[in-house]
Amino acid sequence: MAFDKFKDECGVFGIQPYCEAANLTYLGLYALQHRGQESAGLVAAEQGRLTCYKRMGLVADVFSEAALRDLTGDAAIGHVRYSTAGESRLENAQPILITSHHGQIALAHNGNLVNAVQIRESLERSGSIFSSTSDSEVILHLIARSSAAEIEDAIVEALAQVSGAYSAVFLTADKLIAVRDPHGFRPLAMAELGEAKLFASETCAFDLIDAKFLREVEPGEMVIVNERGMVRSLFPFEKKPTRQCIFEHIYFARPDGLMFGESTQAYREALGMKLAEENPVDADLIVPVPDSGVCAAIGYSRQSGIPLSFGLIRNHYVGRTFIEPKQSIRHFGVKIKLNPVRSLIEGKRVVLVDDSLVRGTTSRKIVKMVRQAGAKEVHMRISAPPTTHPCYYGIDTPTRNELIASSHSIDEICRYIEADSLAYVSREGMFSSLQGSRQEQYCDACFSGNYAVPFPKNGAPV
Amino acid sequence: MAFDKFKDECGVFGIQPYCEAANLTYLGLYALQHRGQESAGLVAAEQGRLTCYKRMGLVADVFSEAALRDLTGDAAIGHVRYSTAGESRLENAQPILITSHHGQIALAHNGNLVNAVQIRESLERSGSIFSSTSDSEVILHLIARSSAAEIEDAIVEALAQVSGAYSAVFLTADKLIAVRDPHGFRPLAMAELGEAKLFASETCAFDLIDAKFLREVEPGEMVIVNERGMVRSLFPFEKKPTRQCIFEHIYFARPDGLMFGESTQAYREALGMKLAEENPVDADLIVPVPDSGVCAAIGYSRQSGIPLSFGLIRNHYVGRTFIEPKQSIRHFGVKIKLNPVRSLIEGKRVVLVDDSLVRGTTSRKIVKMVRQAGAKEVHMRISAPPTTHPCYYGIDTPTRNELIASSHSIDEICRYIEADSLAYVSREGMFSSLQGSRQEQYCDACFSGNYAVPFPKNGAPV
Amino acid sequence: MAFDKFKDECGVFGIQPYCEAANLTYLGLYALQHRGQESAGLVAAEQGRLTCYKRMGLVADVFSEAALRDLTGDAAIGHVRYSTAGESRLENAQPILITSHHGQIALAHNGNLVNAVQIRESLERSGSIFSSTSDSEVILHLIARSSAAEIEDAIVEALAQVSGAYSAVFLTADKLIAVRDPHGFRPLAMAELGEAKLFASETCAFDLIDAKFLREVEPGEMVIVNERGMVRSLFPFEKKPTRQCIFEHIYFARPDGLMFGESTQAYREALGMKLAEENPVDADLIVPVPDSGVCAAIGYSRQSGIPLSFGLIRNHYVGRTFIEPKQSIRHFGVKIKLNPVRSLIEGKRVVLVDDSLVRGTTSRKIVKMVRQAGAKEVHMRISAPPTTHPCYYGIDTPTRNELIASSHSIDEICRYIEADSLAYVSREGMFSSLQGSRQEQYCDACFSGNYAVPFPKNGAPV
Amino acid sequence: MAFDKFKDECGVFGIQPYCEAANLTYLGLYALQHRGQESAGLVAAEQGRLTCYKRMGLVADVFSEAALRDLTGDAAIGHVRYSTAGESRLENAQPILITSHHGQIALAHNGNLVNAVQIRESLERSGSIFSSTSDSEVILHLIARSSAAEIEDAIVEALAQVSGAYSAVFLTADKLIAVRDPHGFRPLAMAELGEAKLFASETCAFDLIDAKFLREVEPGEMVIVNERGMVRSLFPFEKKPTRQCIFEHIYFARPDGLMFGESTQAYREALGMKLAEENPVDADLIVPVPDSGVCAAIGYSRQSGIPLSFGLIRNHYVGRTFIEPKQSIRHFGVKIKLNPVRSLIEGKRVVLVDDSLVRGTTSRKIVKMVRQAGAKEVHMRISAPPTTHPCYYGIDTPTRNELIASSHSIDEICRYIEADSLAYVSREGMFSSLQGSRQEQYCDACFSGNYAVPFPKNGAPV
């Protein structure tokens, strides 16, 4: 008996008290859409009664005007979930709303628990019923089993039993509770709007609705907001070293945010500059791989003095339901998204800048496409170290076997993608480019294999 | 009796003979999606029988796998249409497929006829029935009225009676016919794929499907493709001076294309450089207004030496069905699309680069937003001359009254948008930045009021 | 060049002036749903501006609350259309709304024109464009071609050129016009509600909305209702003998109506009594074939004294999208609709009463099913004469070849359907059962081949 | 803490082993559609893996061809659920599929448990989480809590703790299990098709798919079907007096079935005859209230010799999404469903026959409608005794306060509905009309208040 899927990257949001809580949550999820395109949902509380609405799809498709009109009340939490092929199902969408002897509780969870399989097996043996394959449901069962009188104590009891990553918001009849695991793997920020308190995975959700960013929820902290917006803060868990996810900065977060004390965009430009400093190349043109490589490419161009042009154009209308022609069209999967600009590229020595190189297959197609558009040389530069290890704390990376850097040297990868040269930012460079935070506060397990929390063999994605 | 709406910008596509003609047309429309998000449709010909499929919506939503499966045959034309508030209706979607004594004829039309109202009134007086408010339907009625034996002669007869802009593809039981009006206002390019010949508004449609760009259809040319892909070219109309649309280059076309002998992206970068040369400013940071101002901003940064950063982040998930909160949130309309990056902007003297300034209302909001994010100074630079006149040849510009530059000086506009300075590229600069084409070949009526084709008073959008 | 499909049975409705005209029309179409399940639509006029809304599907599915909310105005006409396999398309749905030099005109038409193909070919030769394959569109083209100053004169001019069946309602900017062809093949009734005047194919549409039935529109009459509900009546056509459709009474109309001066239900009961009188049988039980045979079965039971039971139960939830199992299940097509009640039938001599026997295939399955449920004998009685000829005036009967009675004797049909006996009502019996109307007023071409209006060879469904 | 809704009438189906198990289940649900129009669902087992598919809506709308294609495997159970205003939600749809330490178990349940609230509260206190407000979920939690090694033992352990009504089918990785509560309140029949065994709430589900009815599952019996279709039968519960629901016969069941050893239709006709015998009236015409009063009306007519006509016509296209006009139209709610046939009714002394009179409001409207259609007298006859008590065992009757017969004499009711006379079948007549079963085997609590199973005060619908 095993779970279908444990890993997922997600976005969470919560607000209380605010007259249009559901509508603001909808807007917040809109801003967090890049963190999960599979499903979206929200739970709103009206006079102590919680109602859940969730569907598969993008935020704009999930919520109709009629749906939002029905989600009345002055407290709400919301969730967007990442899409991975096949195993996505409505049962796994969040928030999860349950009824227990503590009353109604809703949970929106970002992160991944490494001991969920073990706890689930034990709960099932003593009679619990699971209705999803999500690890998040384990937390709710543990809360339901707790005999603590206060809901916040039940939550603490439950979370004390799980290990791994969680940045979570809970909603009850009268409380909005935000918690971040002791390592603080995943982000969780806090803001205010009038008397309302808000939580979101990223600060861009606050910007959209003109809420004022206050601070991050700290690793190991539980913040409890009551019906009048008053705040209590607890640190109920055993203290552990902070291990914030460096990959959020490099790849996942929207650039227009503050996270872990850094400006994401400034950091990405700095990585691009460091990349140019560590790995210069004699070339004519910097071309970003859109959209993720743009900030680093700007940094690379600034540091190297080589001009930048958008030599690869992205088709912004590409959706997930694209119907492929039956006849083979070369490199079709990439072509539908990217088109090289021959007039800019032809005859040039081109430096492609991207923020990651995972399996190598896409990079290989892009290099070929750029060469066919007339580039004399194609140099690939990656604004991160080689990705050698999977993430067990909430980012849906491929298994180790699929990570090309886990088993191949940089030279071998360069030959595979058929580039003239390939280089990555060094681990040192990655950390020295930080401005407001320190190396020790970060988890870089995907680059180093240094896992802060051990995981049971059968619980981990291999 | 008047038409609801004459002006529309659109994209057209055609292919014959190709075994998966409808599927390739679908892909072509995907690449042309930026030219029209209101409706999409295609007509496919199977053994001389034409079938039409069109719907309101984006290409990805309009076509299901089942729909494409049913659209068999080895010839097809397609169309995407631009959305303008309110007046969009399925009746006005294209291609239009009709039956006349010439048999079935389908039309996909880009451009605007200036004498359509007059012709329509005359046709109605003699008993014609119109089922849409589109000017394109006039062309089909004129064809139906023609007693010419050959369909191409009937088309020539019909087009000889209209004036204005048309880049059009026709499909009949056995012919694919592409025509461009004598002034050549709107683009139309030609390609081949195996023995098939293809036409599209922009070359990016060919890139996606690996078709080989051959040349542009020339102003006043009619190209007739038979069932085996053989081509005849005619110039059946009175010769007129070429007047290609400069605004396609500046704003409308996808940057990754060749049009009118120019690389769109290279031209936009050159405009940005010219803008910097003509209108320098002592500043710390160049920030493009995404996505349209990006290429010009790169040029401005390159010429001025001032570093560029993406200080405004665009939310790519914004769709048209966005549900607004009831409570007022400041500048909401712009905020949902753009978010400033305070950490990059704070304390800086910022140059915003955009490709157009039409009513001034959006620019005003963006300037305010950037200032609130901490900019010390905000300078606006526009990579086009002031837009002073509406377009009657196929681009849906506002009426003259709404164009702020038609009645206000640059200084007045600058005060209105509350910028520290405002400057545009000069008309001379706009033309001298061209590389492969000459000023005389262009229509710049929207900047100059020099209309190549006169328009009857009641036919024109005032 | 030929039409896809000429024949269709339909329902029409019209009302003016009434504040909720579209909503009442929707209700009227609801009551007329049995006359057409393929498509439904309505045109509403608000201050002289006509708007059309039509879709494929049942009335309840076609109209949403939002759609009705948008169809404002105090005049409306509506239409439901019959579904026949394959050839149903949105283009053929009604009402048809067009713009001509007479302004906007909408038409909802019930009936079939026998010379539509000839007129269409001639219109196309002189430059008309057709956008559907419906014969009704011909009427609108003829109106558009008319130079008459008044719209009613243009309608008269147009209708004077067509021959065949039409009961039609027209809506213009200010008039509601109802017309019935000189033979009066199809029904059309008139009612009032306050100052509003209403027209409908059947009186049940009036009952639903508490409108007061006034009279039938007479054969050859045109009734013109102005904006204040005032009525003018004209008889602008050459007078012809009345030929109302007897099949409406026998089969098509809803039983709870008055039509052609008869109560449909009373007539059906009388037919059942006549059937029993003409064709008695020594039996134990009368079983109606639901739902169409119920009234006649009551009459048969009453006349014969043999008790009636509902020995065949109909599944009222059967829709048209039923998904068949792959594995063969005997008689499945009929079984999903009808189930015999073994406990009632077993050991009995059963008389099945139905209102028609067209191809014989369904009757054959029902006889077998009843026999398998234990009937000792199965006698089939049909409350109409044998159907030997197709209808060219608006009822979608099969072609002559498919009508089993056109080429087989009653004995042969009886053997084919494997009944113990088979009998029909005689033509004399059919007419002598009428109470308020006379034989001469009826068209019974489907039973006799006496066609009142000749039809051109290539125009007729063979 | 209380449940939203405990009472529901439903239909269940199960089959194993059969290659197209899901498709046959779909067909079975089609035949059982009258038992529940709110939601439909099925769980199919493919090689020991269970998959659930359920939606709100009618069977024909819930299941698409694609959905059925995906529900592979050779065992399936299905469920349709009754719609009651407001409280219907997808969470309450069935079958319910859960994962426990016994593996996957699916349940489709018809009936109502009277002690579910108490058990639920106790389970929640010890940490169980409920995801619906359905009483059926309680059964699954009790199974999950059981430590029995075999799933059938766990089911017996669970059911031994609940009291009330259940006719249920369970599906596990390899077993199909049918159970009926010791009183046998609700029906459950058994059939075979090849080697497959089938269960259904009514035998009409077997007729549709040509399965052979074997027998009813007996009160207190558990039937276990293994993967090869072999059957074991157990009687694991304490024996109790049989109390089958007489209301199924009178009202709820489809007439074309055998249930509790009776032919439903024959019983209804016998009730009609008894009604005429006990309550004769001097009248001209029997008119059934369609559809439910038809069988009794036939019996009444047969016994009394008064002719029967369908003087009230039902609109079969009425759906639940009917859009009402804003302006008041008299009796609209009933008129959209029923229309009187004036020509049959006018001047007659009419006997209306119906199978129940619950609140009296609908009967009152029908009497008025028939009188307005010209009836000289209107006599109401009900083929059941007065409904004085609510059902706690699975039929969704109104609360006692709403049952007019609970607080008013027959005379008072007669005055309220404004009939000339009103009469019911007597309790004795109701039982003496049975042919194959005896009074003692029936629950008639809704007519007598004799509840076989006591219910806790707060668990019962008041």
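First chain written, first letter: the chains are A, B, C and D, and each begins at residue 1.
Note that contacts are C-beta pairs under 8 Å (C-beta built on N, C-alpha and C of every residue); 3 or more make two chains touch, one makes a residue touch a chain.
Quantities reported herein were computed from a predicted structural model and do not represent experimental measurements.
K.L.:
Average the CA atoms of each chain to get its centre, and name the chain whose centre is farthest from that of chain A.
P.N.:
C
K.L.:
Using mean C-alpha positions as chain centres, tell me how far chain B is from chain D in Å, no decimals.
P.N.:
From the centre of chain B to the centre of chain D is 61 Å.
K.L.:
Please work out the Cα centroid separation of chain B and chain C, and write it as a whole number of Å.
P.N.:
That pair's centroid distance is 49 Å.
K.L.:
When the centre of a chain is set as the mean of its C-alpha atoms, what distance in Å lies between chain C and chain D?
P.N.:
37
K.L.:
Of all residues in chain D, which are in touch with two or more distinct other chains?
P.N.:
none
K.L.:
What chain-chain pairs meet the touch criterion?
P.N.:
The complete list of chain pairs in contact reads A-B, A-D, B-C, C-D.
K.L.:
Under the touch definition given earlier, write down the residues of chain A that touch chain B in their complex.
P.N.:
Result: residues 19-20, 23-24, 26-27, 30-31, 33-34, 58-60, 63-65, 68, 204, 207-210, 254-256, 258, 263, 265-266, 269, 291, 294-295, 298, 302, 307-310, 313, 315-319, 321-323, 325-327, 329-330, 335-336, 339-341, 343-344 of chain A touch chain B.
K.L.:
Would you mind writing out the residues of chain B in touch with chain C in their complex?
P.N.:
1, 98-101, 103, 121, 124-131, 140-141, 144-146
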